[in-house]
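The same subunit A turns up in both complexes below, where it pairs with subunit B and then with subunit C.
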Partner chain A sequence: MRIALAGNPNCGKTTLYNALTGKTESAGNWSGVTVEKKAAKLKRKYGAFGTEIIIVDLPGAYSITPYTAEEAITRDFILEHRPDVIINIVDGANLERSLFMTTQLLELGIPVVIALNKSDIIQERNDRVDIKRLQAELGCPIISIVATEAQGLRELIAAAVKAAGKPQRRVTPVFGDEAVLERHKFVEQIAARAIVKGDNLRRVWLSDSIDRIIANQWIGLPVFFLVMWAVYAFSIEGLGGFLSDYFNETLFGEVIPSAADNLLSSLEIHPFLRDLILEGVIAGIGAVIGFLPLIMVLFFCLALLEDSGYMARVALVMDRHFKRIGLSGKSIIPMIVGSGCAIPGVMATRTIEDAGERRVTAILTPYVPCGAKLPIIALFATVFFPGASWVAPSMYILAICVIIVGGLLLKKLFLWENTSVFILELPEYKRPSLKYASSQMLRHSKAFIHKAATIILVMNTLVWLMQEYTWLLQPAADQSQSMLGTIGSVLELVLKPLGLRGWQPGAAAITGFVAKENVVSSLAILLSEGSEAVLSTPGGPLAGLFNPVTAYAFLIFNLFTPPCFAAIGAMRGELGAEWLWKGLLFQIGVGYTLAMLVSQIGSLVIYQAPAPGLPAAVGISAALGVFLFIKIKDTAAKRQALNLAAETRS
Partner chain B sequence: MRLSEIAVGCEGIIKHVAGTEKVCRFLYSIGCYPGERITLVSVLAGNYIVRIKDSRFAVDRKIAQIIELGEVTPGADEPDLGCRHRQASRV
Partner chain C sequence: MSSTIGNIIVGAVLLAVISWAGFRSYRNMKHNRCPGCGACEFAANNECPGHETGQAG
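And now, the complex of A and B:
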């Protein structure tokens, strides 16, 4: 039996879905967090009904007549797959508006059960809802629930199962898609008869006062930077960094390697296998897992921030700035989702209805450093900038700058006009739930560990083998003659204008495209040989390859060139093949140029000496400048021609 | 009078929404349709914060300009705000 959950954005659908299925999907309180339908089995504690019950969570929509792509999913799913019963989640705090969609769902001929969510807010506001009357007016059962507290869910499921598959007698008239106003009038009348409004002024007034500071036209942006600075400094250099240091130095630096060494020696296993496990697997994975505390702290903080209602205000503040580069506040939503992982971030661009804006947002979203890039940032920050709290936040600020400049460039390079409008619901502020933040933290750490134990493990084994053996499968006398060494040497030429020396940076960067954490683990494997020091100690083995300026440039290179393959796949899904290539070229160009400029200019300013590869860097910059100049002029000419054509037509 | 022209704290009855069919349809679905009451709560960062039914929405200037209001009155529901006059030129 399939039960579909449908309702307005921010009505608590995903919270209910998580409670019913035991999943921990991210449940933002703004539209666009759920862009694809999700399905899972009902938890057994809500009752055994003899058949398997699948709960399907649909993206939120205000209406089932689609406006954006994710709203179309809701309608298409219901019409094509015809679930056995629809649970329509109705937001108690927005009862009248929610009933609009209810009347639409009732017309589909599928039994509907209403879950009246946030019934605690109804009480708090002293609103009175005459449930009996509402049931009679709508002709379907209504169950009061509080999804965040998991109250009333058993009754809800029982009612849904009872209603499933049986025809429901329709008491509401059929309006169809066109008679929108008549439908609204009808809903108004029902609401007037069944709802008595209490007093809601104080709460609302508080929300507005906070908004006047946080979303202020002048201080809104500085407040946002300050908040982000605090979150990242706390997670990467504060508590998270402190715990990570312990993990890296003590646990994975001493305790585990020596224990594993003793164990493997006592088992008298083949030295080849011993080396593979110690130098490949443990060194590699340890270098990544060491950063787990940092990931946990960061996602805990971000979930708290999101749950409080702040992120919708960020979209509001950014709207005017993004409008200047042809985007809108809507583009900020995928980017904030992308700070966790670029894949759902890129997918969230679907909520943007303007095609040009959607494309540009999908190309720019991977610039926001995702969770997987965090270990790279943390590693380089601790090794080359010990004690400095600005490195990690600077990467995020740089990301915002790259997004703004990148957006401007894309607007100049490609021909498009933004026609989208900005309409965003502002949820009331609320005290963030520690329970939700903890569940998000656990979800992200689980995913992180899972990734380390699968894709990173495989990659580490491969990297270790490739740096031990030559292409002829002979043990390499010198690492640089190994398979990885020769690949890295080719890349060394490419990375030379960035002031980078040695084949290891290129080799590590290339493994980063499988998963960005691999940059850290590969460096650990490549540098662990012949060095007892832990990778993340200041002045450790990394200092032989980089100085602080080139380290910072390498960090930029890894963060601002294209994301991992999985995220590139997501980009392909949203952009299509042609724009994917344009997007990737753009990302490579921006990341490479930025790293080059930082390295060369930084070296000249700080060390008063050019970094290696300066002539090549100058040549590349000049060529790039000429290319951009020609391309921008070309686009401007095309735009003018198009405008002229439009004028003559009108 | 358009939504973009009224003072903060005022409320009005929507007379007409002049956008494309798609935009109108979306505005209607959030409750912004002719005959419904709308309150301008504040103008923040260039966006118009409005109250429609029980929820708050931020809409940009483009949208505020296509929402045509009938009678505009000082908002009774927003005791703190009053109906202060705002310079028409402010963005």
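And now, the complex of A and C:
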């Protein structure tokens, strides 16, 4: 038996899907998180009815007369695959709007069961939905649920199983696709009769008052920066940092390496294997896993903010600024999703209808620092800026600036017009669910550990072997003569205008393209020789390669050059080959130039002396300036010619 | 003798773990997923959106 979950965006479909199936699909407190249908078996505890039940989660739609690509997926699935039952999730807090689609679903003849979600919010408002009356008016069973708390799900599935196979009773008039106004009027009347209004004036006043500050066009942005600063200060310098220090210095700095060393020595293991395990695997993975507590605290805090309804307000604030630079308001959703992982972020750009806006968003989304980049930020913040809580938030502020300036630049460099309409829904404020925040935290932690145990482990082994052996597979007398050393030496020349010294930064940065955490683990492996100090110790091995300014520039280089290969693959899927290359060149150009400017100008201002490679930096900046000037002029001429041609035609 | 057996066992375990990790990473990357992130929202049961739409893998 197949049960489809259908409803408006942000009505709680994915939350219900996760609760029913035990999956951990990405759910968010804003619309447009689900862009594809997903299917999974119903959890055994809900499905003791002798039949296998498959739950299909469909993208959110306001109507089954499709306007967006996601709405088309929903409509096509319902009409072509005809599920046995449709569970229509109705947002109890927005009953009137939700019922528009309900009346359309009831016309299809497929049994419909309504899940009246967010009944906790209705209660908090002092409102009440007259379920019996609504059932009679719509002619289908209605079950009140709270998807986030898994309340009412057993009853919901029981009702769906009971309804399956029976034709949908029709009590509502048939309107057809054209009679939109009549349908709206009908829905309005039903909703008005079903909602028993309570006294919630104080609540509305409070919500409006908060919105006036945090969703304000001008105050909203500084408030957002302040909130993010507090979150990162707590995550990196507070609880997360405290726990990470223990992980880095004690657990992976002393306890595990000495235990492993003792065990391997007692087994009389060959020095090659011993060094590979201790200096390659444990040192590399330990350097990354050491930041796990920090990541857990950070994602817990972000999930609390999102569930409270705050992040949707941030999207609203950013939407206004994005529109000014010609980007769609819809661009903000991929970017928020991208703060977890760039891959789903880039994939979420497919909800943007206009091709130009979609391309620009896919190119700009990887600039948002994802979870994989956090260990790099945390490492450099801890070593070079101990006690300073501004480093991580500064990366996010820089990311926003790069996105805005990058958007303007892309608009000038390539022809594209148009800004599509975006309706952003503001969910009501609510007390954030600790259960939801914990599940989000565990999901990210699981992914982080999984990544450390797979790709980072493989890369650590490779990095260790490549820094121990020459191209002739002979043990390298000096690290700089090793395979990685020679590759790093070539990159050293490329990175010289950034003020970077030594071959190790280049070698570490190149491993970061496989997975960004590798930058940290590679540095741990490359610098472990000749230094007993833990990588994250202030004044430790990293201090021999960087000063605070070049460290900050290296951080920028790693964060603002192209993302990992998997994210580049996702970009290829959304952009196609030609635009992928344009996007990658743009990202390399932006990341490199920004790091170069910060390093050179920062060194001049702070140390009153330029960083190494100043002449080359000046030459590159001049060449880039000339290229941009010519390209922008060329594009402007093309745009003018196109406008002229359009005027002549009309 | 015990050192030889120890070396063989430790070497074999290490090789098996690294091979498994390499295989998982390759498979995930092939399907356009996060390279090692088998636990991400797209990995379970081949639900990667890129894969479903034929844009990956």
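Basically, the second predicted complex is superposed on the first by the 578 of 650 C-alpha atoms of A that agree within 3 Å, B and C clash if a C-alpha of one lies under 4 Å from a C-alpha of the other, contacts with A are read in each partner's own complex, and residues count from 1 in each chain.
In this section, a contact is a pair of C-beta atoms (placed from the backbone, for glycine too) under 8 Å apart; a residue touches a chain by one contact, two chains touch by 3 or more.
Bear in mind the structure is a predicted one, so any value in this text is a computation, not a measurement.
Trainee: For A:T65, decide between first (touching subunit B), second (touching subunit C), both and neither.
Mentor: So A:T65 only meets subunit B here.
Trainee: For A:Y592, using the defined touch cut-off, is the partner it touches subunit B, subunit C, both, or neither? Pick first, second, both or neither.
Mentor: neither
Trainee: Report for A:D208: first if it touches subunit B alone, second if subunit C alone, otherwise both or neither.
Mentor: First partner only, subunit B.
Trainee: Examine A:K451 and indicate which partner it touches, taking first as subunit B and second as subunit C; both and neither are also allowed.
Mentor: In the superposed model, A:K451 contacts subunit C only, not subunit B.
Trainee: Can A:C341 be said to touch subunit B (first), subunit C (second), both, or neither?
Mentor: second
Trainee: Mind sorting out which residues of subunit A both subunit B and subunit C touch, each in its own complex?
Mentor: Correct list for subunit A: none, the interfaces share no residue.
Trainee: Show which residues of subunit A lie in contact with subunit B when the two form their complex.
Mentor: It comes out as residues 62-63, 65, 67, 93-97, 100-101, 180-181, 184-185, 200-201, 204-205, 207-208, 211-212, 215-217, 220, 316-317, 319-320, 323, 328-329, 353, 421-426, 428.
Trainee: Over in the complex, which subunit C residues touch subunit A? Could you list them?
Mentor: Residue list for subunit C touching subunit A: 2-3, 6-7, 10-11, 14, 17-18, 21-22, 24-25, 28-29, 32-42, 44-45, 47, 49-50, 52-53, 55-56.
Trainee: Would you pull the subunit A residues touching subunit C in the complex into a rising list?
Mentor: Residues 23-26, 35-38, 40, 264, 267-270, 273, 276-277, 281, 341, 343-344, 347, 443, 446-447, 449-458, 461, 514-515, 564-566, 569-570, 573-574.
Trainee: Spell out the part of subunit B that touches subunit A in their complex, as residue ranges.
Mentor: Answer in residue numbers: 19, 22-23, 25-31, 33-36, 41-42, 44-47, 49, 51-60, 62-63, 77-80.
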